[in-house]
Amino acid sequence: MLDSALRVAPAAAACDHLTTAYRWMLLARLLEEKMASLYRAGKITGGVFVGRGQEALSVSIGMTLQKGDIFAPLIRDQAGRLAFGEPLLDSVRTYLGSRLGPMRGRDGNVHRGRPREGLLPMISHLGAMISAVCGTLIARRFKGEGGVIGATCLGEGGTSTGAFHEAMNLAAVERLPLLMIVANNQYAYSTPTERQFACAHLCDRAAGYGIAGHQVDGTDLEACLKTLSIAADQARNGGGPQLIVAHLLRLAGHGEHDDASYISEELKASPLGRDCLDQAAALLLERGWASQADLSCWRDEALQQIEEAVATVQREAPPDPNTEHWSALATERLIDGHALPPEAP
Amino acid sequence: MLDSALRVAPAAAACDHLTTAYRWMLLARLLEEKMASLYRAGKITGGVFVGRGQEALSVSIGMTLQKGDIFAPLIRDQAGRLAFGEPLLDSVRTYLGSRLGPMRGRDGNVHRGRPREGLLPMISHLGAMISAVCGTLIARRFKGEGGVIGATCLGEGGTSTGAFHEAMNLAAVERLPLLMIVANNQYAYSTPTERQFACAHLCDRAAGYGIAGHQVDGTDLEACLKTLSIAADQARNGGGPQLIVAHLLRLAGHGEHDDASYISEELKASPLGRDCLDQAAALLLERGWASQADLSCWRDEALQQIEEAVATVQREAPPDPNTEHWSALATERLIDGHALPPEAP
Amino acid sequence: MITYLEAIREAQAKALADDPRVYIYGQDIGAFGGAFKATKNLAREFPGRVLDAPISEDAILGSAVGAAIEGMRPIIEIQYADFSTVGFNQIVNHAATLYWRTGVPCPITIRLPSGGTAGSGPFHSQSMEGLYAMYPGLIVMTPATVEDAYSMLLEAVAIDDPVIFCEHKYLYYHLKADRLPTEALPAGKARIARMGRDLTVVTSGAMLHECLAAADELAQEKYEVEVVDLRTVKPLDTDTILASVARTGRLLAVGEAWPWGGVTAEVVARVAAEGFALLDAPPRRLNAKDTPVPYHPNLWGTHRPTAQTIARAMRDLLRL
Amino acid sequence: MITYLEAIREAQAKALADDPRVYIYGQDIGAFGGAFKATKNLAREFPGRVLDAPISEDAILGSAVGAAIEGMRPIIEIQYADFSTVGFNQIVNHAATLYWRTGVPCPITIRLPSGGTAGSGPFHSQSMEGLYAMYPGLIVMTPATVEDAYSMLLEAVAIDDPVIFCEHKYLYYHLKADRLPTEALPAGKARIARMGRDLTVVTSGAMLHECLAAADELAQEKYEVEVVDLRTVKPLDTDTILASVARTGRLLAVGEAWPWGGVTAEVVARVAAEGFALLDAPPRRLNAKDTPVPYHPNLWGTHRPTAQTIARAMRDLLRL
């Protein structure tokens, strides 16, 4: 699953960590912009959900995790998925419902993953993936595979679910190497934080579980990479669950159907409103790690890669209801034949 | 609903707060012992769950709440129920399944209440009552009835439920006058606290919700009364939800079927293992607020009251399946007649 | 012209205006007006009575039980029916049992945006009416017309028991009417949506319209299909169904939910038990396939019954 | 003599001994051995593989999904079936959908101590098999004998799909057998528990024994009642049911669950649709009453079907 990594950054090994991170962020941003335009053109049914403004945080997770680790991304983690090793094609195929995608057109958009490769496919119910990651880590413990960690993401709104609480507490009791990354992007769909929670900092919840807590400026790539690697090291070395709360702003609608007119101007103008991608670019330029020419060439490469992927997928066949195997069971002999509609063969 | 209060303490008004509290505790203890013996004699079907060792905490809740307040007790709150005004007969009738009881034999033992009088009947699912109390307080706010508070109880094990988290967070967001009393009696059925949570103190969760937290020695009646009244005043005066965590030990089995052989001797020998009822008696004697003679006469009065109640209820008719109205709906016209068994008229 | 969705909004506006005990609670329903805009402007028109909730379905529904005990009449909007699974316990074990246990009514209306639409996938498409109907203590409504969306929602708020109001997302915009109704059939009564003497089709929700289209198709073939719109699946208006089967002698039950159990099984089982002699042919069912609801429109269109597959089932049955 | 409960304990011991991927997770199941002692001594015999869980049904079940993805085969004990409502979402929307969505199997066995016993009341008595059977992706077992409690639980652990194992609390101590079985019918196959030519009774769980007692009673009256023990309610062994009805011409479906929907509706609906011509009389159902399960033994004994009410239903049907 590293091929796309190599394609985006031929000299990745040599190239600076930050540059690689930036290029994944850029690829994610442009890919999601492409999906959004396909959505507006009516080429994508259902919804498109983008991570605009959250790429720095997300990519840091993907880059911090190692091969063999577990990752359960959520709806704003295109950057982290790419950095973790999810092929670019998985995203395009799932959005366009290609039968060749990991979800074979059965599930769509952000509901994708490769469980066998440690990438868990989210179900929509917020908070539900956290305990699943706990379970993968319990399994690794049973199998005697140490040094593994699992990371999962949630928005600040998702912290209000009972599922979040139960999973955090379970992780703490079992002292699992779990990274719980909460992106406080100030809104849950349209709901502002003051209608979502009343604590000073969501990070204050860490003490209530007896686990480590970290806060980070989600618009600052370097800070995100640093915080994630510190938390990951602690988890990997028996430090138990780590709660990482990043502060940022959703620079898009909840989905592409949403104009987000409810987002306050004050917040947009505040430091939270900074675009982490621009910030990262500025940093690279300032440090002399990249030139304007580099940036635009990376951009062109990314765009070309995206166009290729979309072109490929658009040539792929959609799922065929007639050849589709209409059963939800792995155990063929236990399929309830009589539960099929009368008119079915 | 004050009659039983008057009967147990004729001069309640004049009599000292602590004495009244002690006498409710004593009545609760002896009543539950009677229920336990009826259970052992096979006179009670189902289970018997007692609050032995938790009477000081529980009674403090009942005595702190005022008429018009809301109370959702749990399984170890016989003392608090009596002090809040639940008639002694409600308990006996529900345990024995009398059709004259508040639950009419439909529900049993601790699953009883008088919703119209602010006493909510628990469902078994732990944590489920907290949000219901939140709802009653939201209703009071809509109705413009200020100065009202609501209290509900849970064991430390119940704090691991998603329901607990969602309700605490909702209460904090709405800044409701909720008292959440957690009795940390060191075990959830057989499960010790180290398998239940990993935080230093459950009270540390208060900060995670942005609410006030209180800790108290649950074996010390005076401390419990003090802590509850402080928390109640704060809630009544707009201080928002209050989390009160009491430390004590369950001095009985989970239910009367359980010999509790798993409870560690260390804990029994520790200060947590003190019997709050003995402690309270000792205090009354020490302060000269009661004599040995008073204590034994109160005990005799309580026993007599209990014997009367049991004798009364044992003469009462059990529910009659033939006259029972087999419908779960308040709206008669919407009863699904065809859902009745064929052999029914 | 008023849509099914607007009718739901209007019904809530009227309920709020007519009864001070009514309030609405749910995610994003305040200033934003709801994920589907079913509460558009209501927060402004009724200040303090349309409240945004945290993402806490269990607590949202539990709070409604407490408020109902105190005499309020909460309307709860669950953003998608599929998410009611995380508030399930408060509905089936708390709200549904309160009256039977205590004699104190629990008037809550739980609005569940239900059913499939293209591209919604496994977790934004479910039809849960059959699930809730299994539990004692609940009323389950499945309005299939603009008129019913309006009048049944108003009745739901007036009913003293918890009502699961399964409003169908597919009908939100597709369905339009000239005006809101002034009178309506009461809950618990099914409606003959189309008269016919050859075959009785019993259905509800979005499937009603697929069935009516199929009936039109069969009319070309000179078959007169009678279509019964259940409106309420609990209680189930068995008398109306039996009366129709008495006229036609044939029964097809069509549902959008999964094939094991549910409304179609209950309908067929009741007719078989109570109207056996009325049947000239075996009763039949047509349901969705026994897998989660697929994302891709091609799969989704085959997963659920459509006018085409319903017409085929009708023909099969008429040929028997 | 071994009881139904001991058989469940023995099956888990064997599963743990035979397969290193198996572990058990649930409340109070470790040193304490479980609320019903179904895991007695297992924590000692299999150190580190029988783990006490916090009171977090959602997380318990969610963790099982993750562990299954990693190749483990978790057995989850929910303390009472009734409490699975707070872990409902992880079962029906996560475990049940995983294989269909990703092609990765989700082998989890979820043990639900189910059904009514005297004095257990509304929240410790529920029969939820019909509820889970509605969802695609789940296998639902309802063992009614000591032999099945043992062999079906072993098979459940071996199956690559999530299995809802509805073990009946009423049978825990009441039911005894001489020895554990060495072979067994596979899951998905129903069993003729008693042969007869006059009437087919289809049932499962604790109701099997009420039905057998009723059949004995009718034998005095010279009626030969055939009793079918479903064993698995999803998949439902429709062929065996139809073959029996073909012999008897009469069907009575008996269940302990509530009357709307559920197993009896599915059984009657399938026979009516697929075996209509086999029926000499209307198929009938007998279920519990449509209220929560009452606490008082007098009420409970009337709420659920019993040998007596079943015998009456049999006579009614035989007279038709």
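In order of appearance the chains are A, B, C and D, and numbering begins at 1 in each one.
Please note the rule applied: a contact is a pair of C-beta atoms (placed from the backbone, for glycine too) under 8 Å apart; a residue touches a chain by one contact, two chains touch by 3 or more.
If you're wondering where the values come from, they're calculated on a predicted model, not measured in any experiment.
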item: Chain located farthest away, centre of subunit D as origin (C-alpha); value: A
item: Between subunit C and subunit D, centroid-to-centroid distance (C-alpha), Å; value: 30
item: Distance from subunit C to subunit B - Cα centre to Cα centre, in angstrom; value: 40
item: Centre-of-Cα separation between subunit C and subunit A, whole angstrom; value: 35
item: Touching two or more other chains - residues of subunit B; value: 103, 106-107, 111, 123, 125, 160-163, 166, 169-170, 173, 195-197, 327-328, 336, 339, 342
item: Touching two or more other chains - residues of subunit C; value: 53-54, 56, 58-59, 82, 85-86, 89, 93, 96-97, 100-101, 122-123, 136-137, 234, 236, 258, 260, 273-274, 284-285, 290-292
item: Touch-based graph of the chains, sorted into line, ring, star, complete or other; value: complete
item: Subunit B partner contacts - residues on subunit C that touch it in the complex; value: 23, 49, 53-54, 56-72, 74, 86, 89-90, 93-94, 96-102, 104-106, 136-137, 139, 159-161, 186-188, 234-236, 238, 270, 273-274
item: Partner subunit D, residues of subunit B touching it in the complex; value: 44-47, 97, 103, 105-109, 111, 123-126, 157-158, 160-163, 188-191, 195-197, 262, 318-321, 324, 326-328, 336, 339-344
item: Contact footprint of subunit A on subunit B as seen in their complex; value: 160-166, 169-170, 172-173, 175, 194-200, 204-211, 240
item: Sites on subunit A touched by subunit D in the complex; value: 102-103, 106-107, 111, 113-116, 120-121, 123, 125, 128-140, 142-143, 162-163, 166-167, 169-170, 173, 327-331, 333-339, 342
item: Touching residues on subunit D, where the partner in the complex is subunit B; value: 27-28, 30-32, 35, 52-56, 58, 80, 82-83, 85-86, 118-124, 258-260, 284-287, 289-292, 294-299, 301-303, 305, 309, 312-313, 316
